[in-house]
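So that you can tell them apart, the chains are marked A, B and C in the order they are listed, and the count of residues begins at 1 in each.
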Amino acid sequence: MADIHPSAIVYEGTVLGDNVRVLENAVVGKQPSLGASSTAKREPLPPTSIGDGTVISTGAIVFAGSSIGANCIVGDQSCIRERVELADNCILGRGSLIENDTTVGAGTRIQAEAYITAYSTLEDDVFIAPCVVTTNDNFMGRTEQRKALMKGPTIRRGARVGGGAIICPAVEVGEEAFVGAGAVVTKDVPARKVVVGSPARVLRDVNADELRENGG
Amino acid sequence: MADIHPSAIVYEGTVLGDNVRVLENAVVGKQPSLGASSTAKREPLPPTSIGDGTVISTGAIVFAGSSIGANCIVGDQSCIRERVELADNCILGRGSLIENDTTVGAGTRIQAEAYITAYSTLEDDVFIAPCVVTTNDNFMGRTEQRKALMKGPTIRRGARVGGGAIICPAVEVGEEAFVGAGAVVTKDVPARKVVVGSPARVLRDVNADELRENGG
Amino acid sequence: MADIHPSAIVYEGTVLGDNVRVLENAVVGKQPSLGASSTAKREPLPPTSIGDGTVISTGAIVFAGSSIGANCIVGDQSCIRERVELADNCILGRGSLIENDTTVGAGTRIQAEAYITAYSTLEDDVFIAPCVVTTNDNFMGRTEQRKALMKGPTIRRGARVGGGAIICPAVEVGEEAFVGAGAVVTKDVPARKVVVGSPARVLRDVNADELRENGG
């Protein structure tokens, strides 16, 4: 049985697992509003499904057509757009946003006010610090042809991205890599390297004791 | 006829055009709350007007005394303060904020989580990427005299500002200029130039095929 | 007597001072939701108290176990977590977040969309510009042992931090220091100095007429 606060709105068809909680003023299963000139498809999206034990927190919004795993926390005032796949045991911080068509692996933590752009891939056990910015569009969407070139980042398993860092379009952050706070990442980050600065440059290897294979 | 969700609050006097939609938990026409020491005027602001076909999305707030054009999308969890003029066909992304006394031209797109400071001017067809920060106050408002020196940016027609870029007070970004992701813009950007870095420097001309006169 | 909008939710036990106002859709006194693997304590937190004349604005969330002073404005869509002590006459901007176990001195202003991390100390009369990012965790919380090393910033009396600046973990910003917009602050900032850049470096002294002892 799910526990839905009386002030929350859960749209018909939404599939809620056991012990799901939907807190005050949350809205789950909302269909997108398209602009008059949008070329996106206009059929209704399929319902949202929310896994066992997941909490949709106060004022959060989850769009239709997304799938949230078990034992996740979708933070206060956060937002998950359509066609997002969020695996089990993820945490999405307060005020953060995951845009459409994005995949997030198990155990990944996205902290407060972070911005995950559309068409992104985050693998398992990724850590995204507060206020991280990701981007997917080198042309900033002037024409429909260029929109076809949009590509979000790929953040590999166990990578960590520091507070306020900015990831440029289509960048890959390697396995267990570490991006320093405030870095502006303009090109791929090799696995297990620390990068810092604007533009980001490799500083050193990630310390061995921080690697997951060593219990880090 | 407007379509107002039962959970939305639309204050008396608000003028809603044809086919306006006000979604879940949105609040439209709210009067500002002034601090005990604020020197702002205390008369009630005039009602808000919302043009035909505009959508005020879930959890969004539009203050009294603002005017929103036709066929705009005011995104989920976004906020528009008092005395803002937003022209037709604008898009305001999820979680973004337009502060008071700001003018935004037709067709301008302000992406998610962007921050548009008070006393800003954005002309037509501007593109503001996610998480852009604008500022208006070199002294950070210590005294009332200095507040009189506050001045937001002027972003000219067709300019594009990249994700997480920071625009310093009173800076002008020229027509069709392009500011790279993460740039810290401390002085004016010439028309049709690309700037990048911290502090931002001119890198090159905008490619001719990206200019609006060439269909870009 | 407090003035609570019918759409607001104020949990039982919350102590509201005279002339407190709680605006549309605000939620006050909420208990935290813990993840399945969280090691945080699970007893209910004590009620929130809100001082005389304070306004909790539209869509804001204040957790249980925090104490808000008199004549504060807790901005629209903002959030204050548990065990936060906010002194009198503070302003918390729209969409900003103060994480748990943080102390904020009297007269401090935290502008829109700023992020104040857990275990931070902000003294009196601090100015935090819009979209400032603070951090508390050099390891990004991989293991519980490392979590014990988390430490937020200390921002001393009268310091000013510019728009979009990023403050690294455990950094101290000295009395009346000034951090430029977009700076990435990796080490302590001396009192009464101006720092700018990424990484931030001392540029000059704060102008004498901007110091509080000189009426600045």
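Please note the rule applied: contacts are C-beta pairs under 8 Å (C-beta built on N, C-alpha and C of every residue); 3 or more make two chains touch, one makes a residue touch a chain.
Computed from a predicted model, the values in this text were never measured in an experiment.
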> When subunit A touches subunit B, do the two copies use mostly the same residue numbers, with over half shared, or different ones?
Replying inline: different
>> Using CA atoms for the superposition, what rotation angle relates subunit B to subunit C, in steps of 5 degrees?
In response: 120
> Rounded to the nearest whole Å, what is the centre-to-centre distance of subunit A and subunit B, using the mean of the C-alpha atoms as each centre?
Replying inline: 25
> In subunit B, what residues contact two or more other chains?
Replying inline: 25, 59, 77, 95, 113, 131, 164, 198
> Which residues of subunit A touch subunit C in the complex?
Replying inline: 7, 21, 23-25, 53, 55, 57-59, 71, 73, 76-77, 89, 91, 94-95, 109, 112-113, 127, 129-131, 160, 162-164, 178, 181-182, 197-198, 210, 212, 215-216
>> Per the contact definition, I'd like the list of subunit A residues that touch subunit B in the complex.
In response: 9, 25, 27, 30, 33, 35-37, 59, 61, 77, 79, 95, 97, 99, 113, 115, 117, 131, 133-135, 137, 139-143, 164, 166, 168, 184, 198-199
